[in-house]
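Right after this note come the structures.
Each of the next two complexes has subunit A plus one other chain: subunit B in the first, subunit C in the second.
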Partner chain A sequence: MNRAWFLRGCGLLLLLLLPWILRDRLSLTVPFVIGLHAILALGLALLAGQAGQVSLGQAAFYGIGAYTAALLTVRLGWDPWLALGMAVLVAASLAYVLGAPVMVLRGHYLVLGTLALNVVVEVILRNWQSLTGGANGLSGVPPLHLGPFGALRGTLPYYYLVWGLVLASLWLGHNLLRSRVGRALAAIRASEVAAVSLGIPPVRYKLQLFAYSAGCAAVAGGLYAYELGFVSPSPFGFELSIAILVMGVLGGIHHLPGAVLGAAIVTLLRELLRSLLPQFFRGGASAEYEAVVYGLLLAAAVIGAPTGLWPLLARWTRRPSQESRVQPAQPPLWRLNQVPVDPPEPARDPVVKAQSLTKRFGGLVAVDDLSFTVSPGEIYAIIGPNGAGKTTVLNLITGLLRPNSGSLVLFGSPVHMLPPERIASLGVARTFQTPRVVWDLTVLDNVRLGMHLHLQAGFFTSLLGLNHEEEASSVRQAGVLLERLGLVPHAHEIAANLPFGSLRLLELARALALRPRLLLLDEPASGLSREQRMELARLIQEIRAEGVTVVLVEHDVEMVLQVADRVLVLHQGRRIAEGPPSVVRSHPEVISAYLGPAAAEIATAGPKDLRGNRRAQA
Partner chain B sequence: MSLGQQLAQFIAAGIVNGAIYALLGLGLVVIYSVTRAVNVAQGEFAALGALLAATLASAGWPVEAVLPVGTAASALLGLLAYLGGIRPVRTASPLVLIIVTLAMHLTLKGLLLLVWGTDPYTLPPFSQGAPLRILGAVLARQSLWILGTAGVALMILYGFFGYTLYGKALRACAINDLAARLMGIRPQAMGAIAWTLAGALGGLAGVLITPLTLATYDMGLMLGLKGFVGAVAAGLTSYPLAVLGCLLFGIVESLVAGLLPSGYRDAIAFGVLVVALLTRAVLALRQGVLVGEEVLSE
Partner chain C sequence: MKPSWARRSPESARGAGGSLQVYDLQASYGPVQALRGATLECAPGELVAIIGPNGAGKTTLLRAILGLLPHRGDVLLDGRSLTALSTEDRVRAGLALVPERRQLFDTLSVRDNLLLSGFGRGLGRSRMEERLRLVFSLFPALAERPRAPARSLSGGQQQMLAIGRALMGEPRVLLMDEPLLGLAPLIVSELLGLLRRLCDEGLSVVLVEQNARAALAVADRAYVLERGRIVRSGSARDLQADPAVHSAYLGGPLKPEAPRGK
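This part shows the complex of A and B:
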């Protein structure tokens, strides 16, 4: 048993025995409140640390939870448990409604959006007297009841209830991070472009997390109301939202247990400040000074210990600080190679049918009235000088860009209005010019990202950890791909440690994990050694032989001529030639585009004249 | 008062408020487009300008001196905020930048509280005299000062961004940071200019509005938030759209506030914010801009 487990045991024992330790000396209220704050901070840590979205609305959702529970029980006589469930529903739905436009817009609107929400909640709680009782609050909130224990009165049962929930949220969060959803979130953090290309919808996952964090806050709010039997607007102000953020950042926003640590530190500090500050500052502004302390703490934490306190503590207990981030279950490698990846069914319609595609960036026409067709089972290469619009064509096919005009049909269905994650789900996978892998995930998990569309586990399944079977089978399938691309020795390394050539292979493995019908490769050979290029060419032909249509954008003309069935040559967004490699190779416009008009003249004149010219010069 | 008169009154008051929000909103846009930080502390620049101006005026300084001094002080604060807060973490994620500006907001508000306390301060209007009647609306003379000064500031900004080297360099930074660096533009210098400019705009807004309302240490948050609401309409990147958004928001706020009990006034901003976000999101979905072109070059 190592030190970490020993410390965990001690922590648990302390939690259990705390009421006896404190007995009559100190009230249990502070530990109870720490637990409430820990729940709020855990919700925020998931949202901010995993989805990269900061919410300043935790106090608002806390308040909404408390007031919904109080109003339903006091005014309508609902059962407290039912009211608590309703409170969660109200908060989570509100988060969905507010979050949807915010997440669609991608930017960083959530901070100020939730700040505004917090202001509104305060305004409504204070002003809508007939409903909320205004500043005087609402009293007579009934306590919870629990089977054999009857009504739960006093702080003691709520203390256990809250800390049970804290441990439960830790467990749920931990499950989530090591699931399909957790990997998807890591991909979204690393590169949304890569994520959507794998069929991961970023908006949905960010929204789910936001709603989850709001729901957690509402549970805490309900428990607060039942414990106290009274609610008033003041505990749910903007100041608490800030305190919650401080807890998350101070403890370490990427580390879930850090949120609990942060909650303990900041809540104790709050209590201390509340007893000290009024002695120094008269005039009732001590809450404002409290905020200054948070401001300084935040600045100090961000600049001085940007990863928060938890990783520091974790290092001391000799636990790798990665552990609370996404980590796969680590199977022994010899079991990897058992289940073969299903071969994809061959396509029937033309795989890609582009008609008059045009894409403009401002005044620049990147793709100009371009039409082409890719047949099933073909290796179709797109070449052209730099800036010819090759990558733009790939971005149009994968839906990362929308054409200004023209139509695009994949596998017989029009796709020009589909979002990229839907296009991926048609069986379209791609690699990028600069590999976009998730640096902080292992090689194995990066490949499993490619299986996102083939795995089922949703948000709740992942939270509850009901995904073991699927996870295990995905590890086996990923193992097959790793073996095929020679990456098995790196399986459990994080991707950041890989050399460049292996990164290209990793991206290819990830694309294959999607079981594509159409595979788009963007300059897969660049940066590879000669041997690696040969290997890649062999691999591409092998993939095609399995029924996958390949579109290859490449600068390495030698490789293109070797593997491609047909070649499309682009110059300044226009098609200048198309056909089998042998035809394209001697096409005058192609030579002109690559080597300049003079070279084209020489080439078309033929070798005889060329010699003749030389003779003349001599 | 007839309904028409009332309407004119609300709209006029809305435009005046909108002009103030526009100054703050522009500051937010400048900072966001150059340093990618959503500045939660934007309102504090206004509060500093306002409190300083009020103090100096009560010490007998004339208006002509109070306005530039208040503005300059806030500009300096903006520069210090950049140097002390943003520059050390400029390469960090937007998440960290937001947390830093939030910390700035809290700390600056606390400093203002330490110096000025909780009492509200007054500033006399810039020119005395009876209110003016324009198209059926009654306007305090200070309102004209606000509109005039804001208008001049906007024109100067327009000239700055459109015709000067530094203005163009700032725009270049906003459009493509890397390309701008390759052209020899120093992003740190641009960041400093952006924050100074945003500080000046905030300070100006604070001094201008104080004769109509009052100056308090905590006036900043709501002002900054309202500027943000207007700027969101512009996606935090377009200057003219931000001004338009802020003016529109001012008018809507003024009209809706006329219908609601006064306690709810600050809640209107949220309603408008949600509507603005929804509209922009629906537009974005219709155009299919789910992954912006900017992202592709990440």
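This part shows the complex of A and C:
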């Protein structure tokens, strides 16, 4: 048994025995409140740490949960459990409605939105006297009841209930992070562009997570109301939202157990300050000083432990060689199950049909009235000087950019209005010029990101961990791809540790995991060693042989001439030549604009090949 | 078509190159030792290439020379040890790096990216302007859009900007990490020609390059780095003729079906 499990056991025992330890000396209220705060902070840690969206609305959803439960039981006489369920539903739906317009705007607008929500909720609670009882609050909230135990009175049952829920949310959060949805969130955090190109809809996942964290806050609010039997507006103020954020950051926003640790530290400190400060500052100024102490604490945490306290603690409990996140799979197992490559039906429509595409960036015309067609099963290369618009063409095909004019048809259906994640789901995969992998995920998980569209597990399935079979099979399939690209030795390394060349191969593996019908490669050979380039050229031909159409943007002219069926040469967004490699490479305009009269001597591209050809022409 | 600088030798590029000496450099990422004692030198006005497979430690070597990661061993510029200096001070002493993956200031304009580098080296206004003219004459594509934010440039243009930014600071030793990445063949040959000329005029260059053929064609001397160690060194001409180097890094024309080497 290792130290981490031993400590976990100790923690659990302490939680169980705490009521007896404290007995009559101290009230159980503080541990109960820590539990409530831990649930709030866990919701925030998922949202901020995983989806990169900071919310200052946890206190508002906490209040909405408490008031919904209180109002339904007091005014309408609902069953407390039913009212709790309703509270969750109300908070989650509100989060969904509020989040929908906010999440579409990329960036940190959620902070502003939730800030406003907090203010609005506070005002309503205080001033809608007839409904909420105003500042006096609502009393007479009935307690929960539980079968054989009858009505749950006193703090003790709620203490166990809330800590049970803390453990449950830790477990749910843990499941979520290790699932298809968790990987999707990591991708969204790392690069939204890469995520949508893999068919991951960022808005949907962010919204689901926001609604989930609001729902968790509402559960905590309901328990608070039932335990106390009374609700008033003051505990749900804006300061609590700030305190929750401090808890998350102090504990370590990327680590779920950190949220619990942060909640414990901040809540205890709050209690301590409440009893200490009035002794120093008379006349009610202590609340302001409390804020000062928070500020100092936050500053100290950010400077001293920028990733939070939990990683420091975890480093101490875990031997460094042990990476518990991913269990090393058995590579030979992967070989048992070959990827089911269902050969795509031979299409007759052109794979890409672009007509008069134009894309302007301000005054710069990046793609200028460009038409071209890519046929099924073709390797179609696009070459041209730097800034000719090659990558822009790929971005137009994948929907990352919308053309200013012109039409684009993929597999026979017009796509110019589709968002990139829908285009990916048509079977379009790509790699990027600068690899956009998720640095903090393992190589294996990065490849599994590419399978997003082929895996089913949704938010709730992932939360409950009901995805084992699918996860296991996705590991096997990813293993086959890793083997194909020679990445098996790196499978369990964090992507950030890979050398540049291997990152390119990793991106290619991820793109292949999408099982594309159309594969777009943006300078796949740059940064690769000679040996890897040869391997890549072989691989591209192999991929084509499996029925995939390939569009290749590349400066390694030697490779382009080797593998491409047709070559499009762009210059300043326009076509200057198109045709089989043999025709293109001797085209005078191509030589003057791109290859260069002297380039062949020392350039990347096969000097001998080009030189020989030009002589033959001359 | 050919820019004017390709023939004219840039007057202002002339400057005394430094001599760089690196002794027994060692560096690791956590438990992984990426550099296991690399010793090399670059004389004033010399163009030294470093070739080797992916993951050999080439990037680590340049980063360690610039002090971007903790290392053991010694780095000397003109006989003066830089080992105790921070990266900023090493840059002030005359080192400059063209980093892997560009690492530009994305939201700043092309011009501001360039000026920042001169600013960091403490160049005066007039030298800065002069330097700016030089860089723009080297890369006309940049001169066309000086006010465009760096992130709006195409990949290859960003690479030019990264090179221009390093040149802007009047370095004495220029460290280049795969500068040819993503550049069109025409630009590649022009850039290599330019490097050769800058070296002939006194600049010292350490060129890390995956494209061994191009690197050896332009370099004076070269080192082969494998698994964190220098395994071969010599004049570029000798290395080009070395059968082991040839089969591992140069090879014949690329043929996917062909067996490795000869």
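Operating definition for what follows: the second predicted complex is superposed on the first by the 563 of 618 C-alpha atoms of A that agree within 3 Å, B and C clash if a C-alpha of one lies under 4 Å from a C-alpha of the other, contacts with A are read in each partner's own complex, and residues count from 1 in each chain.
As a convention for this text, contacts are C-beta pairs under 8 Å (C-beta built on N, C-alpha and C of every residue); 3 or more make two chains touch, one makes a residue touch a chain.
Quantities reported herein were computed from a predicted structural model and do not represent experimental measurements.
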Touched partner set for A:G147, first subunit B, second subunit C, both or neither: neither
First (subunit B), second (subunit C), both or neither touched by A:E523: second
Touched partner set for A:G596, first subunit B, second subunit C, both or neither: second
Partner chain in contact with A:V249 - subunit B first, subunit C second, else both or neither: first
Partner chain(s) touched by A:G384 [first = subunit B, second = subunit C, both, neither]: second
Subunit B versus subunit C as contact partner of A:M559, first or second or both or neither: second
Partner chain(s) touched by A:G77 [first = subunit B, second = subunit C, both, neither]: neither
Touched partner set for A:G113, first subunit B, second subunit C, both or neither: first
Touching partner for A:F361 - first (subunit B), second (subunit C), both, neither: both
Residues of subunit A that lie at the interface with subunit B and also at the interface with subunit C: 361
Subunit C - residues contacting subunit A, complex: 1, 29, 31-32, 53-55, 59, 100-102, 141, 145, 148, 152-157, 159-160, 178, 180-190, 192, 210-214, 217-218, 248-251, 253-258, 260
Residues of subunit B touching subunit A in the complex: 38, 40, 85, 88-89, 92-96, 98-100, 102-107, 109-111, 113, 117-118, 217-218, 221-222, 225, 228-229, 232, 235-236, 261, 263-264, 266-267, 269-271, 273-274, 277-278, 280-282, 284-285, 287-293, 295-296, 298
Subunit B-touching residues of subunit A, taken from the complex the two chains share: 48, 52, 54, 56, 98, 100-102, 104-109, 111-113, 115-117, 119-120, 123-124, 126-127, 191-193, 196, 203, 238, 242, 245, 249, 253, 283-285, 288-289, 291-292, 294-296, 298-299, 302-303, 306, 361, 395, 400-402, 417, 419-420
Subunit C contact footprint on subunit A (complex, rising order): 320-321, 361, 364, 383-391, 433-434, 497, 499-502, 523, 526-534, 537-538, 541, 555, 557-559, 562-563, 592-596, 598-609
